[in-house]
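Take this structure first; my questions come after.
Chain IDs A, B, C and D follow the sequence of writing; residue 1 opens each chain.
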Amino acid sequence: MIKAGILGGSGYGGSELLRILLFHPQVEVALVTANEHAGKRVDSVHPNLAKLTNLKFESMPDPGALEDLDCVFLALPHGQAMEIAPSLPRTVKAIDLSGDFRLNDAAKFKQFYGREHPAMEAQREFVYGLTEVNRNQIKEATRIANPGCFATALELGLFPLLASGLVKGKIIADMKTGSSGSGAKAAANTHHPKRANSFYAYKVFEHQHQPEVEQLLSSVSPQWSQCSLVFQVHSIPVVRGIFASIYVTPAKPMTHDEVGNLFREFYSNEFFIRLVEGSPDINWVKNTNFVDIGWAASDDTVIVFVALDNLVKGAAGQAVQNMNLMFGIEERTGLVLPGSNP
Amino acid sequence: MIKAGILGGSGYGGSELLRILLFHPQVEVALVTANEHAGKRVDSVHPNLAKLTNLKFESMPDPGALEDLDCVFLALPHGQAMEIAPSLPRTVKAIDLSGDFRLNDAAKFKQFYGREHPAMEAQREFVYGLTEVNRNQIKEATRIANPGCFATALELGLFPLLASGLVKGKIIADMKTGSSGSGAKAAANTHHPKRANSFYAYKVFEHQHQPEVEQLLSSVSPQWSQCSLVFQVHSIPVVRGIFASIYVTPAKPMTHDEVGNLFREFYSNEFFIRLVEGSPDINWVKNTNFVDIGWAASDDTVIVFVALDNLVKGAAGQAVQNMNLMFGIEERTGLVLPGSNP
Amino acid sequence: MIKAGILGGSGYGGSELLRILLFHPQVEVALVTANEHAGKRVDSVHPNLAKLTNLKFESMPDPGALEDLDCVFLALPHGQAMEIAPSLPRTVKAIDLSGDFRLNDAAKFKQFYGREHPAMEAQREFVYGLTEVNRNQIKEATRIANPGCFATALELGLFPLLASGLVKGKIIADMKTGSSGSGAKAAANTHHPKRANSFYAYKVFEHQHQPEVEQLLSSVSPQWSQCSLVFQVHSIPVVRGIFASIYVTPAKPMTHDEVGNLFREFYSNEFFIRLVEGSPDINWVKNTNFVDIGWAASDDTVIVFVALDNLVKGAAGQAVQNMNLMFGIEERTGLVLPGSNP
Amino acid sequence: MIKAGILGGSGYGGSELLRILLFHPQVEVALVTANEHAGKRVDSVHPNLAKLTNLKFESMPDPGALEDLDCVFLALPHGQAMEIAPSLPRTVKAIDLSGDFRLNDAAKFKQFYGREHPAMEAQREFVYGLTEVNRNQIKEATRIANPGCFATALELGLFPLLASGLVKGKIIADMKTGSSGSGAKAAANTHHPKRANSFYAYKVFEHQHQPEVEQLLSSVSPQWSQCSLVFQVHSIPVVRGIFASIYVTPAKPMTHDEVGNLFREFYSNEFFIRLVEGSPDINWVKNTNFVDIGWAASDDTVIVFVALDNLVKGAAGQAVQNMNLMFGIEERTGLVLPGSNP
């Protein structure tokens, strides 16, 4: 059994880690922290877990004292993991769900996160945990920077085309997310009376997931220097789901079938990627680790549509998928979560 | 022209007063206050009003210095009106949308609002502004305590039966409200990810609207001493709307038609009350000052269903309806707001 | 392995049976029918199941030819099971999710379902499948009439009080349901533009679940003749969830704690019943087989609040719970479905 | 008074025309047709209008017999207006809300609408009713083809840039719409259980509004031949609202302020266009005739965001705006519909 700890268990990342790990046949959840709820039962904060766990939240321990654990998930607000991670015992594998360790370029980090990175040395040990692309490195890693939710959608949608050198020019990524992407704390932009009938864009030209996408894609694409990325996010009034509409100019004209064949070639052995005719729908991936991808091609444009659940494949699910790889377990263990209709 | 002021214009009560008063043909909005937004344009807080007003928020003035106004609406958080109202010039008519002046029993106030009332002397000048029931007193009033949203629904649903002495025993009022009833400030219970798929009860046996309903109904009912009221509220994941299901034991058996005739007798001249066959639906009253009422009768039970918009007939709309009466204007002026389909 | 068949697999009952049974460790789904989709892959109708099954829909076979199966679930439109069930082989256990076999009184059936029952002889073999109440009979049964969604909520909310003889007089059951209760076929009352902002009552005094509730409760209550039931349903604009607010007059005054102790006495060993302080919320039971129950007591009223997922404990989940009992399997097998936050 | 008729008054276009025209100070609604509801009160189909009209639906009359009317609105399903319009008396002004007369190219019509156009001769009398662009022609017109909802958003978002020759290359229009865009008839894609948690793309590369946009834009742009348009629509689970994210490559680099100045130059006198800092939000235009436009610029990309209500500025509101022009009335008459917060 893998003894796992969740640092930051009261947010939605932690909530979803618990939903998955409590039922993972090879994991024992040995620690869940939440300073403001220390001493309280986990199901007092996550009533969905009543009858399913007797765990209680604990205060954040000294990170250096966690050597009893085999694996630690950091599901903390952005900025906290980079304070803690360098002190974790080297024997403990760590998966960070925040953006703290995704960027290997300190200048980019400062530009997009607004502060100096205090632990770039530690950052170099982190492997970017986009499972389907970096599987082999993840297997060997002890530190994982789990990708952002938007980034996962965009990277998986573009990987086959870019890795094949089939894209040129400007890529337009029009992304949409549900409200759970804003986290578990109430805020003006998630106030129900305001949000329920809204749709709007935000973080124009400045979303912090853009540089991690560029970093990943440039590493897999032979022609990235000929591409550029416009990355724009919007809010949908649903709770869960990322939907990406990605507009690409193909380096040479491609038919619908050619695009489909390319995606099948890259992804036909990927259990969590489902290639769909027509458009995917966030409705069919909610609560699951699946990524549904559709596509279309005209003379000079290929559109790729990607749908995933921002809290599962976009966060906790992919984190567990990476943990499975790191511990040599079958990758889908604990993650075959069926969605529902309706 | 009536020179009107809105004290507390940044919340939903103030927002709806503005939506109505800015288009009222006999009103000039001369003042809108919001301390935290003082100096800002009103449409920076209420973007729906862009192009419709150039007003700016002002700080709360000395209430005694408002003698230039003809009418003041107090749309302040509960507890503030009772500090301010006693200082308002006697020449200025005042309509309070909060619960501060609804109860004429200091002990009840303390029980349900959790504090001593500092201005019970001033309270005696307030008329309870349930327009359809207290119209004549409202015409003569200079101070109005505007009814609560739940209370308006329940009182209008019960008035014909109770005033006719046709009810005995326990009345069950199962009430439901949309999220805008919680106000414009973000809070845990209106966090979109939590609220969007929820339905739950709250304030069991302790809602502060219960005593105002009992006070009003006891004043109109010859047999109130033989009745009791169970008042239970719930949250619906919509933005606007109150729906009340009221279960009554008739003093003598009544048919569906007899109940209908009774409601028609009481309300056929009431423009804002619409009697419907079957159930009303909050969908058809949203954004309007209408109250839709349906009913059904079996051998020993009469059910009355009431739907209204908590922010219009349940707050700002009824306040303006009362203002119209106080100033001798046709009652529906500025309030013929059509709902929409869909 | 139990060889199971699902007759009527394209609706929401069938969809949820598949979501559960495909992962049930002791079940093999050997047959799924849907005449209008015969020959098509199941995941073409339920895209949530893509990658999770290769099953195809079949046409409805001759019921008499199903002797290869161990268990059949009938998830058909109301009125079809009563045509088919009498022809099923006696060796095949059958669980009907419709209302066809719930009532043992032919006259009541005709009154509420609007037609003569063609198979009252067969009906006598059916056990009413309210697991927590009828567990012992279910274990011995070969035919189960699975309870209605509203009925399950109401019966479980009232059982402890009624079985203890603690209720007198009129019981008011104010029930609310999400839109999936209307089934998978598009209809005017589930048209999104109409439904999204609505709340309304329907089937006043005539809901077909009322007689099954009265039948069950009269069988467990020593004082049912002194009680009567008002059963009123409403529509909430969410997809999943039943919420029942049940208002009861206690035969003698009860405190909050006394009510709580009673519920704990009856339900503390029931895995799928969770007793909650305050109100339950449909948000915490969605997608699960849990029933969350809260309560409150005043001098002369006890309110019981019940929340469950209409498609799981209110349909497919309870059906599988009953199957487990019928086959001597641990009752919760395949049903420990965690809900999610959010 | 303008005697107006609405042909097809039971759908959402008709519903919104009624909501506006019944309160238009210079219009008398003299006729509303709906064959399947002939003889029924209008408020039996549109309960929002109870107490606001006593009109009844009539059967579709012989179009040639409508000479008593001054103006006819055709709010019919696509394909019916082109059968009727040629028979309308020449003295009656007509505004068609469908797509029947928008395209002046018979081949394009066939390609996108799937049938031969039977009345291209009549089509030549129609002016495309994009008010802000074609105002002068509309004033002189007797026949108006009212723009599509997506087309209105896209055309108004692009007009200043294209008319100024500031765009080159591919334009990506990522469009999103609420469910009311699918009309008042229940259908699988608007079934509430399916739609409430969904977001998906549809009509990939084939939406019928694309050619009308290309037709309009090519007529105003000096450099249209250097541009191309990718037009992609998606479904949002809200009732009302169009949101367009339009990605453009500027012919020469433009700053944020330069784009803003351009939009101000074109639109500062347009009452119904509101230029906003940051992103617009469909929440602030719902139920109104306003179009909210925001923008952003980077080195090589300009993004324009447009929000409008698909049933008002995208249909009935713009139709009335055009009627006002055609009859020499102040353009905003009857259309100063305030939105609401929330």
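The working rule: a contact is a pair of C-beta atoms (placed from the backbone, for glycine too) under 8 Å apart; a residue touches a chain by one contact, two chains touch by 3 or more.
Source: prediction; values computed, not measured.
Summarising the inter-chain layout, the chain whose CA centre lies farthest from the centre of subunit C is D. Among the pairs A-B and B-D, the greater number of C-beta contacts is found at B-D. Each chain gets one centre point, the mean of its Cα atoms, and the points for subunit B and subunit C are 39 Å apart. A separation of 46 Å divides the Cα centre of subunit A from that of subunit B. If each chain is reduced to the centroid of its CA atoms, subunit B and subunit D end up 37 Å from each other.
Residue positions of subunit C touching 2 or more other chains, listed in rising order: 12, 180, 184, 193, 196-197, 237-240, 281, 342.
Those residues of subunit D that touch subunit B in the shared complex are 12, 15-16, 19, 22-23, 46-52, 180, 184, 239-240, 271, 274, 276, 281, 284, 287-288, 290, 292, 336, 338-342. Across the complex, subunit D is touched by residues 12, 178-180, 182, 184-188, 190-193, 195-197, 237-239 of subunit C. For subunit C in complex with subunit B, the residues that touch the partner chain are 170, 172, 174, 176, 193-194, 196-202, 204-205, 228, 230, 232, 234, 236-241, 243, 245, 247, 249, 278-283, 286, 294, 296, 298, 300-301, 303, 305, 307, 342.
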